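Below you will find the structure I want to go over with you.
The first chain written gets the first letter, and so on, giving A, B, C and D; residue counts start at 1 in each chain.
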Amino acid sequence: MHGTLLFWCPDRPGIVSAVSGHLFENGCTILHADQYSDPETGLFYQRISFDSGEGADRDGLAEGFSNLASEQELEWRLSWDDQPKRVALLVSRQDHCLWDLLLRHRWNELSCSIGCIISNHEEGRKAAEAFDVPFHLLPVSNENRSEQEAQIRNLLVEQRIELGVLARYMQVLTPEFIEHAPCPLINIHHSFLPAFSGARPYHQARKRGVKFVGATAHYVTSELDAGPIIAQDVISCSHLDSVEDLTCKGRDVERLVLARAVRWHLEDRILPGPGRVVVFE
Amino acid sequence: MHGTLLFWCPDRPGIVSAVSGHLFENGCTILHADQYSDPETGLFYQRISFDSGEGADRDGLAEGFSNLASEQELEWRLSWDDQPKRVALLVSRQDHCLWDLLLRHRWNELSCSIGCIISNHEEGRKAAEAFDVPFHLLPVSNENRSEQEAQIRNLLVEQRIELGVLARYMQVLTPEFIEHAPCPLINIHHSFLPAFSGARPYHQARKRGVKFVGATAHYVTSELDAGPIIAQDVISCSHLDSVEDLTCKGRDVERLVLARAVRWHLEDRILPGPGRVVVFE
Amino acid sequence: MHGTLLFWCPDRPGIVSAVSGHLFENGCTILHADQYSDPETGLFYQRISFDSGEGADRDGLAEGFSNLASEQELEWRLSWDDQPKRVALLVSRQDHCLWDLLLRHRWNELSCSIGCIISNHEEGRKAAEAFDVPFHLLPVSNENRSEQEAQIRNLLVEQRIELGVLARYMQVLTPEFIEHAPCPLINIHHSFLPAFSGARPYHQARKRGVKFVGATAHYVTSELDAGPIIAQDVISCSHLDSVEDLTCKGRDVERLVLARAVRWHLEDRILPGPGRVVVFE
Amino acid sequence: MHGTLLFWCPDRPGIVSAVSGHLFENGCTILHADQYSDPETGLFYQRISFDSGEGADRDGLAEGFSNLASEQELEWRLSWDDQPKRVALLVSRQDHCLWDLLLRHRWNELSCSIGCIISNHEEGRKAAEAFDVPFHLLPVSNENRSEQEAQIRNLLVEQRIELGVLARYMQVLTPEFIEHAPCPLINIHHSFLPAFSGARPYHQARKRGVKFVGATAHYVTSELDAGPIIAQDVISCSHLDSVEDLTCKGRDVERLVLARAVRWHLEDRILPGPGRVVVFE
């Protein structure tokens, strides 16, 4: 069975040797390993994908890591390919990222199960029905915001969701919701952050006369559009592009960037750093 | 002889027909034409490159345009390929853009004559000597800033410079200098503006964890890094890239972007719009 | 009403003036114009999009062009935005381009009506049903090839299809079919042509160790993968990418490239040149 | 002192553990490690950069690897940062790659010493003089080809050159020369191979109407343009680009691609695979 081990800790000699030794002793074959030592923070990051062989003792392996982690002061996460994460998709009116994620799931690009789609508008229902995913309509206004967020939270908890994807969900979630969310949240913002954060980035881009528009997928934190960046990409534009043209071009970039970020998260390729993340592509 | 006509005016029916008719009547063949009508401002822009034939009456042609311009309320510029613009290059310690522009001139990519190189440091002298361009060392400090800027201004005027290129000239020019400069100035900023304006953009980029770094060439206005953008490009990066790595990657992008902007200016491909420019590539 | 005029002819002075004059005299306002003079063939190409105003005399305008075309020896095509082209989509097992075109149509990126989907396999039916487009299953083998192609031809004729899109239709159409097809055909080939024409291009790419894989949309001619190229794009890869990884990456490029080519055709941006085409983006 | 270890061998469990253990026991700290297991060939590749500390016993470390290599049947290479490779640059008339490599060396992007420049034309002398590198003019014709190649060979041997870079050296080297060359050779070909191998690739590209032109850096083998690809890149183009325009655009791509390949070779990032190479960027 294929597994993935992530760990990070203050860098010191012998860590790689200790961890790879532990895997070897437990009958695991390393399939791929990536590592990074951050010269500024002194932190060491590693991702190891391995084959544990048939009938491996998963609990024993995890316990061994737990002991090793205490000894070496490392933080770690262990996941198995036969336990794909459960995902919820949140969307508003524009459904291009929603369709894209559902289609990639169909094409086996995303190793996850899609538990539900949550929206404050009706537009996403067509995609939900085409792929037989439960659709929850939760309209929101300034009056019912806290109740609506409580409903979202309940859905995430009930469905045991492990990742929430804001696939052009155009409501600003409250800091209260974000801080107590039962799972990490990935958002797609339709600009090359930190340029053009906030509202109407394509209008801002058109006005400033930039030569590229972009998209940024990031983890959601309580500060708007300021969470750690996971993936970004850009597409060239010119004075010829109206806001509608930029919106159209942007759909292509937004889809690519959000899908990339979600896949990296699902494949446990992202490790938390201070203020930014380490991504082993 | 090849000429280039730029004009812009409030859009109305018949402009294209009137101008192309005038060229045709004066024995000119249109080689290439680009046009753009800005739906927001209602302004119309056109660039026409044409062949006037041998022994054309340039003054007569210009006078005809002048009359047409009055009739049609259009602003215009006319230039001829046998009158390449005179350029001055300004540089500080980092010489990569300087070498690049001199080499492109050697390879006939830039249709101009390079009148002089001006620097507040010695590093650029080697490139100046390799290509036999006069090098003027004008050190600057907070004490002598206004005198030094006056010296730069004098050089630009004496040399009849028509374009000043800030090829990594790392001093912030005063609004007084900029407003009274005898020629337009193009600057290269080592970020994808409006992200990371101001000092040390690669440090800012590293800290924010962006996935691309970029460069922006823009006309200099009295507001720092806020002038109309001419050209931009980006290069991908990751957590692996230190500030030194970003600086190294950035050299490639800065060179490409600045050269592109300078070439477009020299070939009269840039028309002024409100807050941004129209570039006919 | 918005119209688009394409024309091409041996270059000579006065063409632009004559055509723009004719439009002006007929009360049309030029919205955008692109032109190209090919120095090798001496041919001149122009695309003009214009606004004819309310209640324009379309027949009169066309008749005027017809006269002008005779005088000036130009070939031309005139189309109107309120007469979108009728399109058929052909697909085999892999449905990513099919979904993509249907979704872009939903998002108003493609100005056309989609008359039918034709496939030699069942996989495309799901997409057809999601968007209520008639689905025609026409299995094919070496035994029934000519009958199957006759059925395709009949469908195209009956449905008055003006463009056939081979959206990963994996059968090589016979020269007989292609030469007598009632409409132009656009194909997507999953390599950066002329590299890796023919079968299994991702296998070929993996074996050669290239650093990018690409996709090419081209008009279909009787010579396999040799028709005029309309659009291409590439995505970086490395030794890490298995054939499956390349196939996955390729899906993104194929979708973008085919959609771009189809849109350009639908918007009358493509003019025929000798061996290659002129595209006014 | 920083060192780099490359090794490759048939994959089997325990290799990573054995090698990292050996480094740890010899007081080395792993700075970065990359690995790849090729599923098709069953070969395992690893690159480890490490810090051996002050006053390390280099001979002892190498002897240990030698023993480990025998045990584990691995092939290996060990290099040290304080022993930069000696490089020769070969060039013909077009000097853009030559200048570029010399400038990157000036900016400390290339860790090597440049022993000499060899050319069959005079054009490169200017760059050689600007950077004080010995310039050897060795004109070549069909009559003196074998003598000229013998002179090149002698220079490479005498100067103890460890890498020869064909920086737009436009002569086809004979298989005899290539097979007996005293060092590896990297060539830049001005197309996206395998498209447009052989002569005049920009003419071929223009004729075929491709939408990108590219450049390919590869190790030289006796089969023309068929050696293992190290680096590639592309730049977009259109019908507007004449052969001269493509040549101009190509200069930018050729420079970037050749410099990338040379840097990867100098930093020991390239491992030999069957028919293609593994590059740890």
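Basically, a residue touches a chain if its C-beta (ideal position, glycine included) is under 8 Å from a C-beta of that chain, and two chains touch if they have at least 3 such contacts.
Since this is a predicted model, take the numbers as computed values, not measurements.
A.B. asks: Any chains in contact with both chain B and chain C?
C.D. replies: Both chain B and chain C are touched by A, D, going by the contact rule given at the top.
A.B. asks: What chain lies farthest away from chain A once each centre is taken as the mean of the Cα atoms?
C.D. replies: B
A.B. asks: Using the touch rule from the top, work out which pair, A-C or A-D, shares more C-beta pairs.
C.D. replies: A-D
A.B. asks: CA centre of chain A versus CA centre of chain B: separation in Å?
C.D. replies: About 41 Å, centre to centre.
A.B. asks: Measuring centre to centre with CA averages, how many angstrom lie between chain A and chain D?
C.D. replies: Chain centroid spacing, chain A to chain D, equals 38 Å.
A.B. asks: Which parts of chain A, given as residue numbers and ranges, touch two or more other chains?
C.D. replies: Residues 36 of chain A each touch two or more of the other chains.
A.B. asks: Chain D touches which residues of chain B in the complex?
C.D. replies: Listed in rising order, the residues of chain B that touch chain D are 96, 99, 103, 107, 109, 126, 130, 248, 251-252, 256.
A.B. asks: Can you name the residues of chain B that touch chain A in the complex?
C.D. replies: Counting only chain B, the residues touching chain A are 36, 38-39, 192-196, 207-212, 214, 228-229, 231-234, 238-240, 242, 273, 275-279, 281.
A.B. asks: Provide the residue numbers of chain D that touch chain A in the complex, in ascending order.
C.D. replies: 13-14, 16-17, 20-21, 23-24, 29-37
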